[in-house]
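Order of writing sets the chain letters: A, B, C and D. Residues in each chain are counted from 1.
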Amino acid sequence: MKDTEINILEEIELNNPIFIEALPGIGHVGKLAADHIIDELDATKFAELYSYHFPPQVFVDEDGLVENMVNEFYYLKSQGEDNKDYIILVGNSQALSPEGQYQLSGEILDFVEKFGVKEMYTLGGLATGHPIEESRVFGAATDIEIIETLKELNIEIRSADGGIVGASGLLLGLGKLRNIKGACLMGETPGYFIDAEAAEAILDKLAIILNIEINTDKLDERAEETRKMISKAQKMEQEMMNKTLGSGEDDLRYIG
Amino acid sequence: MKDTEINILEEIELNNPIFIEALPGIGHVGKLAADHIIDELDATKFAELYSYHFPPQVFVDEDGLVENMVNEFYYLKSQGEDNKDYIILVGNSQALSPEGQYQLSGEILDFVEKFGVKEMYTLGGLATGHPIEESRVFGAATDIEIIETLKELNIEIRSADGGIVGASGLLLGLGKLRNIKGACLMGETPGYFIDAEAAEAILDKLAIILNIEINTDKLDERAEETRKMISKAQKMEQEMMNKTLGSGEDDLRYIG
Amino acid sequence: MKDTEINILEEIELNNPIFIEALPGIGHVGKLAADHIIDELDATKFAELYSYHFPPQVFVDEDGLVENMVNEFYYLKSQGEDNKDYIILVGNSQALSPEGQYQLSGEILDFVEKFGVKEMYTLGGLATGHPIEESRVFGAATDIEIIETLKELNIEIRSADGGIVGASGLLLGLGKLRNIKGACLMGETPGYFIDAEAAEAILDKLAIILNIEINTDKLDERAEETRKMISKAQKMEQEMMNKTLGSGEDDLRYIG
Amino acid sequence: MKDTEINILEEIELNNPIFIEALPGIGHVGKLAADHIIDELDATKFAELYSYHFPPQVFVDEDGLVENMVNEFYYLKSQGEDNKDYIILVGNSQALSPEGQYQLSGEILDFVEKFGVKEMYTLGGLATGHPIEESRVFGAATDIEIIETLKELNIEIRSADGGIVGASGLLLGLGKLRNIKGACLMGETPGYFIDAEAAEAILDKLAIILNIEINTDKLDERAEETRKMISKAQKMEQEMMNKTLGSGEDDLRYIG
């Protein structure tokens, strides 16, 4: 196995697909939204990405089966009124190291570019740290035309007092260097629980931008599942940090 | 020397051996169990793995001789009622970095696959952080058939609220991608002392799964030896962390 | 994309240009000074450097547009009484890892050496941690002749109780190994605000050394802009550190 | 420049030289001892090692001149009653990362092996953390014969409750894999000051082992110089750690 490997499960052809990314991040808002699209629109998994840059661990599922750290590519064909194709990237982890983050974002862009991707949306959360009455959606983009579109949809423009850390930011930035246009949509969230409302706010805006319909009735149910997954992921990450930073007796607690 | 190097001590042929891994981890439960198997069944060391990903240090043994950080491969032939061959991996350290963990697990799988390994068991501990009346054994596996077997042996199935960090998890996960089936057996342990009982609990289950006999009478004695080794290992790891994170005057205390 | 990539925007020829470096650092004194030179003398950007060693993030500008982490090369031709050419390196980030710092400094020197650079000045700040009446300029150099010149200009010589961490130090040190002569000029600054006076102190000395005129009237205005940019950069860096070191619930706050 | 580069200053031939290593470490005991040998016996520098694995910084000397992080190889010919040749390795830094430590130790061994090195002594300190009446010397070795020799010289054998972190340990361990025999001599030191007595204790033992004479009269004077150098080194290391771990406003204090 190379450092990073993409296993193709199904050979497909797509027509300039739109690329949607939502790897685990703040409040898992993006992941929740993307998992919902995959489920509602019945997307098909066609490739899996494994990497040495992921956390060195496995998850265990409800049945006791081990799950590798993985990013998964799904596709959708001829969706919505515009008959557009889509590639959706979800997964259970992001790269741990800065170099790994760049490396993986580069590999992911190399892969989706082969299908003719010219447009991308990355989905994430924006943590406020305090309760929110109604979740707003914030946006940033590679092009001023897209910014105008976001404004027309009452998406708040993420201003110069912040940035975007991790895959949602890097894919957009590195994509810009390859002339892939796109935006990052961030659902405002307190950040300390799995926020179905923030995900719904993103999905509502995304549906308009993409001119597709996404039923969000089952989103709450999905949020509950995600809550379980995340509780596990955080526990693992905690153990990982302990391992990296820990010492002496604490050491006894964290390697499986 | 390359980043990772495996020195062959004896050229051997094995018949689809079962692979058992038990590198240092929680409560050194797995290591204690595997060292005991090697001793009791008189396994033969046939290869040593050295790696730049190990902690940059040497141990010093009772005689004042330096010991490199190393993983060691032992073999056993025609064991138990099924006349099975075995490869057992033990050692005094695991890779420090996440990338190193993946790298080493990959190299180890490449190596054992050449001998025809199709089945593996990784041994570890599961820390409770509090005293235990009787050490239970927890399990996770790559296949639902193995899960069923574990359940029949009253092994608790590790459920979705956790995962497995380090070599015991990664070897199983990456092995699954190569169609090597297997399970991780984790002995419940308070985690803050070298737990011969947790190791015995694992050995009892493993003996049934593998259909071999393992006398555990001398396990307590071995636990005492391991205690000494671990005390040293922890001290080193502590020094390492200090070196990595330390500064200024503290600096004077930790580089040899 | 390779680990580090330099995109040429304009093919130029320069006559043994003097190389000036001022990447983000202490009090952003150097960056402020170099940005001011670029603005006042109307330097032209001719190359951009992108690297996997930068923080894995994007900034968002006033309009909501994403900005990649980048180092930028500008040139100036026939400046001052000596009709000298210049290459000026500025940017929004430095490499995160030690190896990345060396790697980038090496790539940068490879690049500027092709234009015939034999002389370099790296600009930075020296933090006192307390208020300063009048900002002094400290210097260190590759050659005793340059040290003499600095002394004649009332630049304090940085003595043996300190060193220079990061690009300003490494470029000078690695440059010395390639027979590029040079000095590092450090403006004394309290360190806890964007210090236009420290930048002005550096610019005054640099103007004399280089025999060019640099009007510093608009420096305060520029300091204000830099203040905004830095506030953003620090916030991102904070988020990055949290991500690297954080765990559990905190985790929810920082990945976009 | 490659990751690690050795610049040859003088082409020499040596006759199975004995290799002595003393890079900065605990109480700089080893470095002080080795610098003293170089000075007293008038050793000649013949090679310099530069590496991306060193801290990304430069030191500044008394004159304001920048000094790269470097390891330096010296040689001595036909010393003592046995007419032995020597290679002595000193320097101002060790690799920062674990992988870097292994990488550099490997490169160093590759280099000295070309001269026919079959025997090595690594010099270091052993910190007690409390005042010492008379500094003992502790030893560890690759061979039981050497252990016997050390015992005859009243060198305490470092027992199984410890190990040796960093270059002094790794060179010995990796050397052992290449059939280079050797020992590590560690001078007992409180650890919180530059300990000329610990260095003298090591030199006394080493002189007997090597059958050479080393006048230690000027050792105190040298200790004073080393004290200055170390104070600087520690300050830099502190700044480095701050840079790596720091955030936000603190950030302003540490990059040059």
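Structure notes:
Rule of thumb we're sticking to: a contact is a pair of C-beta atoms (placed from the backbone, for glycine too) under 8 Å apart; a residue touches a chain by one contact, two chains touch by 3 or more.
For clarity, every value in this text was computed on a predicted model and none was experimentally measured.
The greatest centre-to-centre distance from chain A, using averaged C-alpha positions, is reached by D.
Judged by shared residue numbers over all numbers used at their interface, chain C and chain D contact each other through mostly different positions, with under half in common. Note on chain placement: the centre of chain A and the centre of chain C lie 35 Å apart, centres being C-alpha means.
Centre-to-centre separation of chain A and chain D, using mean CA positions: 49 Å.
Shown for chain B are the residues that touch two or more other chains, namely 235, 245. Of all possible chain pairings, those that touch are A-B, A-C, B-D, C-D. Put simply, chain C touches chain A in their complex at residues 1, 3, 50-69, 96-97, 100, 228-229, 231-232, 235-236, 239-240, 243, 245-249, 251-256. Those residues of chain D that touch chain B in the complex are listed here as 24-28, 94-95, 98-99, 101-103, 105-106, 124-127, 129, 139-144, 147, 150, 157-166, 168-170, 172-174, 176-177, 184, 186, 189, 191-192, 234-235, 237-238, 241, 245.
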